[in-house]
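Input: structures, listed below.
Shared chain: chain A. Partners: chain B in the first complex, chain C in the second.
For the complex of A and B:
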């Protein structure tokens, strides 16, 4: 680890945003992995004698169901825990895919310029003409529903978020002297891109990655809400909201719980991304102190 | 300025044409990947293979893909968007009734979001370095972590269920007959016909969905405006104005705000485009009869003619907003007015 990397890492860990964000993400990951041990019930187990129970602390609540039950008597807390699995699965996979595709195109377009750059930029223009939700709906009609299709759709839509931002950064970086020096020292284009250009845009990539995970959680929730993501019997936060919406009058808690789960998860990714940007962006570090 | 603006508008329109062609071809190809058969879905279960073939021919689905695309494009040029497989009505007609509803919602939502964002940005700037700024910043982070469609549900929960003060289904109360449309914009139509009861009902029905959309925009506007105000306030002309003894309020509004508005206007343009995406779910949740609701219905029923036409309409809207914002940008930024 170079001293510069260590300094950057120290700056990140000194940011309360990053620390709180990472702690919340760690908690969510722990809940998702340990769901079978933490959940008091099977997420599909129906208790038709105890439907629409309020949380345990409210009047009429039962200790056996800490956050109450839904209209089929399924344990809301257990479904919430298992829902974290779907959300984080999609977030991790989709953000990775979008980052790889977007970064690869940005590096190639920004580094080589010329017609490659022209082509990639026009592709981005076309993609940007769609509101993302519309493109996602159209893609899921074409690909068919399913959680892995949602991942694929997010990758195919959100690579532009990475590509646009990284491309302009790559254009700046490739003019630096050390990039020319690498070429003079006999590096191939691929070596120059991977060893000299990529590390320079890595902080930006990490920041975008964190924000993209938050976006992916939201898109998955939207698609499972509309019924285009997981199978209807799988516990996902969007499915829970769609189910509980029907009985919102009697059991508002069924809606509030998954909304809170989405809120906390997205907030965690946003805080981390925001904190990383402030800690890693050299312009912010020099010009406005802690900004 | 108006000539340059017109030129810019013309250029943007020219640039939009190839983009729209690519977009429509892309949508066309994606939709033909469809594993399910939309024709089979729209017929009763007992339909014969011959019936299905007949319908398939009627919709032109038996031809090769490029031929279908060219036919569709040719019809599009004459304003014919085809017939909905599910609703069995002309797609153009469906869009004509849904589009004004969505535009009205976006206009009100955007106006509200920008007003709240500008107010918040000015407040953050005025309270810079104090607790109020931190509180607003934290509030913005919280607002942004909940997407529009969840705000829609939360707002219904708060103001429709827990404290039932606002209507949250459709565009009008069911006891008010929909007046014959002039423009399709209910707020304008009701005013033109002096039907204040319709106006009040339409406005009340717009309130919650518009707030849900506004919450998506306001925090971003607020943050961008604040940071550009912070940049601008260090400029020499601001110091000059202060030295001339102009009151701080006037300095901010007349000198700083005008220059700080530029990045905010670009942001609003991008966000307005996204807001059309946000309306899809919000409309569905509020059973608001706009394009988004039409789109979700079409997606659920694999109604290809509607999906591709509505998809294209959304793209036209996004490109239109982008062009409009560019022109606005030019109008408020005198530095761009010298002809190149």
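For the complex of A and C:
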């Protein structure tokens, strides 16, 4: 590990934002993976005698359903746990896809410059002029509903975030003499990009990746709310909000629980991303006199 | 009357004494030079005066008084009154010292307002102050923005501002380091003339002992936070006594006289962290004539003649006299081999931007048609001021930029178009050493992987053991310790970085190196080490060199042939000794005249040229 990496890592772990954010993300991941063991019930199991139960601590609550039940008598806590699987699946896959596509185009555009750069930059400009939610709806109508389609839609919309930010960073790195030196040492363009340029923009990429995961969680919730994401028989946070919407007046916790879950998860990703940015951005680091 | 007096001044960072026992007196109307390499603590004094010490640094002893007032203990408000009014500063980086979004006139006006000048006469005062600096048409200059001016002009504006209040003391911290040699000569000329006319006292901080010998009346030589030698400038430079001062002068290549091999000291100046382990003389670890007593206790600064003092024992001083005389003559150049590089009428034109109608603005001829051949074992210097096209020339040779005209051949093969075949030809013959090691070394690679980078290129299949072995050999060849293999660039000193930079270029065993200003950022003693390394490489490998530099003395020391460039054009070329001894072109003559001569008694700078 280079001393620079070690110092960066130390700065990250000294940041309360990163520590709290990562702890929350770890908790969410654990819940998602261990959902079959943690959940008291099957998420689809209906108990029609016990519909719209309040949480266990409220008057009329039952210990068997810690967060109560929805209008079909399904356990809210169990659905919440299983819903984390969908949210994190979409977050991880969509952020990875958007990062790969955006970073690849950014590296090519920033490194080669000239007409390649012009083309990519104009494409990003045009792409970003579309309102993202409308674009997502149009894409899903075209692609058809389904959770993997949601992932694809997020990738196709949000690669521009990565591309635009990374491209300007690549241009800065590309002007360093060590990139020219690598070429003079006989590196091919691909080798130069992957071994000299990419490692230098990696901290920024990680930061953007974390923020993108948060965005993906929200987009997935919106899409499952309007029924364009998962199958109706799969528990997802957006589906839970949509289901509980009709009975919101009698059983507000049915909406509150998934909203809180979305809120905490997105907050965790944003905290981590923001903390990483503060710890890794050379401009912010030097201004505090640490580098 | 003493304007500035330091008595046993001490500045500390934690337990480390950054300045130790600094004492001097600066009398009215005199110029005191504070000379030292980077890390010597020379800028620290200016910061004590401005009370602008970096975080963690504090004055921990002694006194620094200005016209009888102690600057260390003085309250903030009276100190603010002194600064600007009685004490003025000339900064190192003229371009960053001026606000880019305000006109020169507005900044000058604000400055005069701060000094309490009435509104009515300010514009006239500014114009008069600029006229005094021989700036042409000062009235229109006031309407311009700093970025529309050259570095030299910005520096002149800042000097005019410094003198505007009629200060008793001016602190100039490396005021000419960022400027070209001929601009430096102009600036020095102007500052000295103003200083004489106004009777101003000047504290001149510089790394260049030779420059100081011409600018200053007295000199303090600093080494690792200690004054090692003090005395009249001419005497110190004509007859240095301390082994460090001697070594510093002997490491500086002269512009005339016999070419002797430069004397180099081992290692570099100790940094802050090393001070604790150096209870005695801080120069002792590098001193060629040290005796065990030096390392145990710091010798006091003793007076050896009226006005001269040296921090060294008598025995060492006697031994130190031998340092320079022991230097052997520079090794003669070996007979050159076959032609490696041939440029025929090579040129580079940058087209202008298109305006909104699609019409091109006039472009720039960075390099006008130029011929150059370099043979193996031959050292060719390319000199010129900034903007002369010498760096573009390097990029054309290396194929980093495409030539717009002419033909480039390496080993007789045409490489004008840098296609894969041409890259292979270049790779076997040419390598480049970059100017700024900070930017040229990937901070994420350890030394071993940096210098053997070429071995992972293409489809090169080399085992890890082969790479490490090669890295060790390269480190040895460039005079570096094998301990550095696992280090990263951020853990290296400036001189070590530049050696790593050279080692990387040597990995593919090129026959010609292209070096772009590779010693300009280094201290004199480290520069001498690098120059000697290049000479050794020629002896051992028969390597050739295209050495791009603005420093004529360095080029004279190193190169057999020299090419003088100006505005992208070669104005003179030929055998180095001939060109430097009898320059034909007026530009070459002007460049040579702008270099401070070795002999401190020769009048310098030359008489001023026309106003710029």
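Here is the rule we go by: the second predicted complex is superposed on the first by the 287 of 291 C-alpha atoms of A that agree within 3 Å, B and C clash if a C-alpha of one lies under 4 Å from a C-alpha of the other, contacts with A are read in each partner's own complex, and residues count from 1 in each chain.
Throughout what follows, a contact is a pair of C-beta atoms (placed from the backbone, for glycine too) under 8 Å apart; a residue touches a chain by one contact, two chains touch by 3 or more.
Predicted model only: the values in this text are computed from it and were never measured.
Enquirer: Clash or fit: how do chain B and chain C relate after the overlay on chain A?
Expert: With chain A as the common anchor, chain B and chain C both fit in the superposed model.
Enquirer: With both complexes superposed on chain A, which partner does A:200 reach: first (chain B), second (chain C), both or neither?
Expert: Second partner only.
Enquirer: Of the two partner chains, chain B (first) and chain C (second), which one does A:256 touch, if any: first, second, both, or neither?
Expert: First partner only, chain B.
Enquirer: In the overlaid three-chain picture, which partner chain does A:241 touch, first (chain B) or second (chain C), both, or neither?
Expert: After superposition on chain A, A:241 lies in contact with chain B alone.
Enquirer: Chain B or chain C: which reaches more residues on chain A?
Expert: B
Enquirer: Classify the contacts of A:134 with the two partner chains as first (chain B alone), second (chain C alone), both, or neither.
Expert: first
Enquirer: In the overlay, answer first, second, both or neither for which of chain B and chain C A:2 touches.
Expert: It touches chain C, and chain B stays clear.
Enquirer: Applying the touch criterion given at the start, work out whether A:142 contacts chain B, chain C, both or neither, answering first, second, both or neither.
Expert: A:142 contacts chain B only, not chain C.
Enquirer: After the superposition on A, what does A:221 contact: first (chain B), second (chain C), both or neither?
Expert: Touch status of A:221: first partner only.
Enquirer: In the overlaid three-chain picture, find the nearest pair of C-alpha atoms across chain B and chain C and give that distance in Å.
Expert: The answer is 9 Å, the least C-alpha separation in the overlay.
Enquirer: Any idea which chain C residues touch chain A in the complex?
Expert: 55, 398, 400, 423, 426-427, 430-432, 434-436, 439-446, 453-454, 456-458, 460, 488, 490-491, 504, 507-508
Enquirer: Using the touch rule from the top, collect the residues of chain A that touch chain C in their complex.
Expert: Checking each residue of chain A against chain C gives 2-5, 176-178, 180-188, 191, 195-196, 199-200, 289.
Enquirer: In the complex formed with chain A, which residues of chain B make contact?
Expert: That would be residues 19-20, 22-23, 26-27, 30-36, 141-142, 144-147, 149-150, 153-154, 156-157, 161-162, 273-274, 276-278, 280-281, 284-285, 295-296, 299-300, 302, 307, 310-311, 314-315, 318-319 of chain B.
Enquirer: Contact residues on chain A for chain B in the complex?
Expert: 125-126, 128-134, 137-144, 214, 218, 221-222, 225-228, 241, 245, 248-249, 252, 255-256, 259, 262-264, 266-267, 270-271, 274
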